[in-house]
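When the chains are written out, they are named A, B, C, D, E and F in that same order, and each has its own residue count from 1.
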Amino acid sequence: MQLSRFVKPVLALSALALMMGAARAEDAAPAAAAAVALVPNKGDTAWLLISTALVLMMSIPGLALFYGGLVRTKNMLSVLSQVFMIVSLVAVIWVLYGYSLAFGGSADGAYISFIGDFSKAFLKGVDANAVAATFSNGVVVPELAYMAFQMTFACITPALIVGAFAERMKFSAVVIFMILWVTFIYFPIAHSVWYWAGPDAVGDAAKALAAATTDEAKKTAQAALDAVNGNAGYLYKLGALDFAGGTVVHINAGIAGLVGALFLGKRIGFGKEALSPHSLTMTMIGASLLWVGWFGFNAGSNLEANGTTALAFVNTFVATAAAALSWLFLEWAVKGKPSLLGMVSGAVAGLVAVTPASGFAGPMGSVVLGLLVSPICFFFVSTVKSKFGYDDALDVFGVHCVGGIFGAIMTGVLVAPYLGGVGLVDYAAKPGTAAVADYVMATQVWIQIKAVAYTLAWSGIGSAILYKLVDLIVGLRAAPDAEREGLDITDHGERAYNY
Amino acid sequence: MKIVMAVIKPFKLDEVRDALTAIGVHGLTVTEVKGYGRQKGHTEIYRGAEYAVSFLPKLKIEVAVDSSLVAKAIEAIIGAARTGQIGDGKIFVTPLEQAVRIRTGEQDSEAL
Amino acid sequence: MQLSRFVKPVLALSALALMMGAARAEDAAPAAAAAVALVPNKGDTAWLLISTALVLMMSIPGLALFYGGLVRTKNMLSVLSQVFMIVSLVAVIWVLYGYSLAFGGSADGAYISFIGDFSKAFLKGVDANAVAATFSNGVVVPELAYMAFQMTFACITPALIVGAFAERMKFSAVVIFMILWVTFIYFPIAHSVWYWAGPDAVGDAAKALAAATTDEAKKTAQAALDAVNGNAGYLYKLGALDFAGGTVVHINAGIAGLVGALFLGKRIGFGKEALSPHSLTMTMIGASLLWVGWFGFNAGSNLEANGTTALAFVNTFVATAAAALSWLFLEWAVKGKPSLLGMVSGAVAGLVAVTPASGFAGPMGSVVLGLLVSPICFFFVSTVKSKFGYDDALDVFGVHCVGGIFGAIMTGVLVAPYLGGVGLVDYAAKPGTAAVADYVMATQVWIQIKAVAYTLAWSGIGSAILYKLVDLIVGLRAAPDAEREGLDITDHGERAYNY
Amino acid sequence: MQLSRFVKPVLALSALALMMGAARAEDAAPAAAAAVALVPNKGDTAWLLISTALVLMMSIPGLALFYGGLVRTKNMLSVLSQVFMIVSLVAVIWVLYGYSLAFGGSADGAYISFIGDFSKAFLKGVDANAVAATFSNGVVVPELAYMAFQMTFACITPALIVGAFAERMKFSAVVIFMILWVTFIYFPIAHSVWYWAGPDAVGDAAKALAAATTDEAKKTAQAALDAVNGNAGYLYKLGALDFAGGTVVHINAGIAGLVGALFLGKRIGFGKEALSPHSLTMTMIGASLLWVGWFGFNAGSNLEANGTTALAFVNTFVATAAAALSWLFLEWAVKGKPSLLGMVSGAVAGLVAVTPASGFAGPMGSVVLGLLVSPICFFFVSTVKSKFGYDDALDVFGVHCVGGIFGAIMTGVLVAPYLGGVGLVDYAAKPGTAAVADYVMATQVWIQIKAVAYTLAWSGIGSAILYKLVDLIVGLRAAPDAEREGLDITDHGERAYNY
Amino acid sequence: MKIVMAVIKPFKLDEVRDALTAIGVHGLTVTEVKGYGRQKGHTEIYRGAEYAVSFLPKLKIEVAVDSSLVAKAIEAIIGAARTGQIGDGKIFVTPLEQAVRIRTGEQDSEAL
Amino acid sequence: MKIVMAVIKPFKLDEVRDALTAIGVHGLTVTEVKGYGRQKGHTEIYRGAEYAVSFLPKLKIEVAVDSSLVAKAIEAIIGAARTGQIGDGKIFVTPLEQAVRIRTGEQDSEAL
């Protein structure tokens, strides 16, 4: 049993009650009522909402500027527009059906391991009184806050991809691709990793099992517990740890970016002309806002405001700092100059790597994680990329996918209590509390690898199909003349700067 | 001596520079300019207000060369800067009476 | 009875007690003491304070950049300076007498419906222990936090106006105009809309009435309840709904902007030369920070951190996203290109429109609101403006006033429970709770229209008088040469960029 | 006895227990257990974490942009890099040994008044369950959150210094200098000012003394209370008031900056060429983010989210606004033009001045403080600097040190209850509560002056030694050619802008 | 052929362009420059430090024309660019020996 | 009359201006340019990708002077702009046939 996130509406509990066979609607009612009686703590609500705002700030203006600064002046607005459009588009899709596909679902769907259903489409049942579970027994948050928090994750993930095919993909193609991508790639992966029945559902079922006296009752209760445990996403059931989205966000977007870069081909002039960043100032602002906002992303993923939140916060802080230094000094040693771009790239690599680990590792583990991730990413963005010659324009693969994979696997290591990690938890062992579960490093690492592979396969193959499709519909790539003139003028009819 | 001044499309700079150095030109000076001519510009729209932009970004290259090199330089520039589309630009040749290298005070051909 | 905001110091309660006639000071004391005993929830305090910081961030740097990016380089600093100066100026005025004029007041003032008094001037009585009421019975927040939150609204509203007369008004004129404008326009309007006695005062008076047994006692109690209900602003008493400032902030500033644009006349070159934005990058940063900060503005306006806060947050998110898309696709269809400026203008229009509705509408209603507001604003900034030929430089009227009016009226529609809205509340029906009040759409829409008209009239006429006055004192408009050289050099002696 | 900050882990209490002589381990246990039982309020935790994020935002991008905009284009990246590097470097150092040197320590160290020990190195014992004391009896926060909050202070303080020697110091020298500076200057000063045993430790010891009946017991208890009181930093024991870091942050960094400017000498061209700011737009963004983030800095320093937090928030708001106006109008009067740079410089001066006073003064006192600080700083940056001819490039001394000194001294004045201040507290007088302590203005001002002098001496002399040392190791100053070409190219191999 | 080079106030560009096209000029090249001359600059003040800025923003227009058009071109520029205040700028006429259109290789008058 | 055009290092502008005004030049026009020549550029590295930057920032100064002043002007420029290191720049002298002051219509020497 491991920590992850979940939504527990009244409906889910009732459905569960129905599934129990023996339970009649009347019996279920008090349980549901009891669940409803849980009132969110206002400190948690405040923290979750401000975290949500922080994650939005990561996308706009954070990511938009981080990326925008790295392209040439003539494509600045195209990057800013793509990110802003994606955020807006996905936010609307999310409340229409995305949230439901990711977090809606009842256990009787055969596909429940892979995708949700339409039970929460148009936010059905998600009003100001609905609550969602956290990772602590008996602690809930307003479901609208949980929904909004998750929305920002759905918004930023596709926006990450645009860095890979920056400066050459048509705006219309980006719009269509992103609608498809979130629907067929993001929502399913988010569901696989984060959908589960919540600590109270597990605890209650375990309690019922413990209380069962007759053999018959035990069998029924065991079936009920199995149903609760089965009512979760595939990777969740596998036991994969992903505190804030290493697989869901970074590997997912990173591999989609690589596939896109391959499909679209290189920019005109790539490898011949200097395609220098037009404003490292903007890139630095973007990186800084990413760092600041990432506290919402990682520490917000704890849903509550408690000691674990502070731990995730600290891990996010120090892994990033260590990775920034690591890249800085490595580049200084290898290339002779410590560059700002290197340092901020390291910071982002650190943020990526610590994302899945943030609530599981200890601060010293996070420092080590940060120190190690930068050299790996550095190797990919400089050596590997130039060796294979793909034009992953802003290094979405090299930083997000590679850093994400490293972080995901290392999470299996750093969660180890003897390395300062928090260990695994079991919500069924001592119902009503988060008990300590057995941890074997090799086992956990192997689970993490499987989760990585699953994500790479789903997103890699799925994205390839979608790129192909969009290419057939509107064509992916801007005309050479348009690319040369810059997408700002040709796609958007504007110029970024008129000094 | 002459000054060969060419107005070209911005992305052709590296090729023109290479073509010129290939024929023995050792230095040149480049200026970002806006060109108005037959090449039509584009329209920019800001909150519904449309502006026709008729000045396009170009680069102006100035090269001081010995008179003997002028023809070759023109050829080199045309070879490198031509795309065949309107707006490829112009080459203008003007007389240069004296050239001095500031560092050494060398004059004329020596100074180029 | 409807939701709005309010401050309930001990003083107010005592004053009330005195008004009751029968009540002696000794009787009032326990009631006051009881009120004092309410301790703010720390989650609410945290949320209100961070919301306050977010709203400041909306003004500086948010709004300043949004506007600044749209002017020509030579006037960049003038816009930044005006916004920064206004924020500083109004903050000081606010603690000196502004807060008191807006939220101070005792029911015996004949003018109580239209403006507060000087009872809280220099923050008299507003110390670290003073508390202010919220919209929930029995829930209070530190009054200093409430005061600071309201301060940021007073700071940003006049700053919105400068967009209308950008690039041509003298800095000295802006300073004087703004001192007058907040004093004679903003404080009264804020008072009219948001000043009331609070849920506990209403509940207590209603409870007393219910408890009264003799006819005499009933009459007294009824008078007391009437007094409490009467101790509120004009538009509040009218029953106008304005969750976070559609009338107070956007219509108010928007109409003042239009009047200013008319008074000052067109910029030199308007309609002839291209007055292109000097940095859409800055405009995009500004718009993004406005969006992020607006969560503080709207969701912060709930004062507490609860489910309604999350609702206001979500509404703010999705109305904005929908409006951004709506403008984007409309412009794409009509003008042939989807522009970034269009998209961010749509986002701002969505933010404006959802402001009064944010705590009242449901998420789906907000999506619809967002989709509809953009076409309307688009029509005003492109067709109407060019038809009438006024130079509302940065479309303060077209976006803020028009979007604000649409939002204010639609609030009366979207609050409908059968449209997913939260309905109206009555604090007197079941004293101590927020009971459901009757809702008739036509009635409510008519009230909303009256509130819009009141605001347009007060601010429109009042602003015209103030512009005239300032024109007489120092002259409004910069000299033509100064305008041509740019206000940065001529007004401030600096240049924005020295690359 | 006065307010300040402190960390009270279980260890400290036990250590204390041991020191008491009479106390056996078994006796100490229940006390420790009782302390452990205090659970952080989630509203406090949320507030402290978001404050921490805000303070990080002050450094990056806030301060980096504020400074970066003021240098010439060719040195933009060097400033951004130095700030970003310092933040990353100090964050890592902080969790390795910095936090321990500042806030670790047991009373038996003879040096306890001046520096902590290594008891918390590598965050030993600081896990998700550890708690730290606040200024209220019986209120704790997660120690990791406290540690992270303090980390951001350690990150920004050295970053402030770079403004003094901007555009000419080698990057390698900055790296080495900063490692030394935080170790030998910052950690000791932070310890001296903010390290103490916490309200509960003082209260418990005082309670024990009150409960003692025999003379022997009284003597023991008195010794124990003395030990608790002695277990604090030097300036804390002196009775110096510094709510959020006037001495620790601003005077400390400011004097180090001045010494650096003197050691490095003037920039080439200083006083001859125009060294105009390359982007006042960036400076304005930076100043705005400083203001917004400073709410975390000052109001976050209360550690809790209560009325005092709101007070610190309001003070921060209005002192800044008043100082911005004060500089604006002064410059308008004296130099003929109201400049944006002047206004934002005033805002920063106001923020600096109110830092030590923010939790102690009343709002009106803060307005006055703001109005007064600007003229003083203005005098230093214009007249004094040009008179003495030192090249404090971005006025770190003139604004931070001078403003900090003024603020520190005025804190002794404005804390006066009869001036609207909150007065002094005594945690021992009525154990378990924060009782009112005697206040004599002259006494307090004299204490403040001593604290200022101590800081100036320690940091001034210490910094001088460190500059000398670094000069010997790698040389402080960039070669003239490198300085002329700009540090961006020569130190970092990049250019800020490629338009 | 001549090159007519004019230094003008920036906001006069559109008028000058229109005046030139009216007399049959089909192209021109514009450069942002800083001018120093009789027109006095302004003072900038940064935190109390005053800098006299004596270089003012101007636009330089270069037009290659047939010699026959020079007088008309000068007239057109003066007509459009004059405000009557110091700093209106100058017109300089220099010889142009050869002109080539890069796209077609056309020469001289044909190339303009 | 001649146009003296000099390409110099940017930080030498003020000195050159002063040297020229000292010999009686009343106006000049400055353009930011990029120079390519013997002076080697630098390398920029962005995420491991190295770019050799061979165009360096320079300033181009154009001064229209009476022919009699040319020698003095060259001398003044050299005196002020020389650092002795590669890349100090060049001076080019070209003929100027006509000069007009836009404000007054004054011609030639009067116009300068």
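By our rule, contacts are C-beta pairs under 8 Å (C-beta built on N, C-alpha and C of every residue); 3 or more make two chains touch, one makes a residue touch a chain.
Keep in mind it's a predicted model, so treat the numbers as computed, not measured.
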*Listed by label, which chains are in contact with chain B and with chain E?*
C, F
*In angstrom, rounded to a whole number, how far apart do the mean CA points of chain A and chain D lie?*
36
_Distance between chain B and chain C based on Cα centroids, please, to the nearest Å._
56
_Centroid of chain C to centroid of chain E, CA atoms only: how many Å?_
50
_Rounded to a whole Å, what is the gap between the Cα centroids of chain E and chain F?_
18
*Counting only residues that touch at least 2 other chains, which ones in chain B make the list?*
31, 44-46, 94-95
*Residues within chain C bordering two or more other chains*: 41-44, 46-47, 50, 276-277, 279, 285, 335, 337, 339, 341, 493-495, 497, 499
_Pairs of chains, among all present, that meet the touch criterion_ = A-B, A-C, A-D, A-F, B-C, B-E, B-F, C-D, C-E, D-E, D-F, E-F
*Within their complex, state which residues of chain A touch chain F.*
274, 276-277, 331, 335, 337, 339, 341-342, 345, 378, 381-383, 386, 395
*Which residues of chain B touch chain E in their complex?*
2, 6-8, 31-38, 54-55, 58, 60, 70, 74, 77-78, 81-95
_Help me check something: in the complex, which residues belonging to chain D touch chain A?_
40-47, 49-50, 52-53, 56-57, 60-61, 64-65, 68, 76-77, 80-81, 84-85, 87-89, 91-92, 95-96, 122-123, 126-130, 142, 144-145, 147-148, 151, 171, 279, 282, 285, 491-499
*Show which residues of chain F lie in contact with chain D when the two form their complex.*
11, 14, 42-46
_List of chain F residues in touch with chain A within their complex_ = 44-51, 53
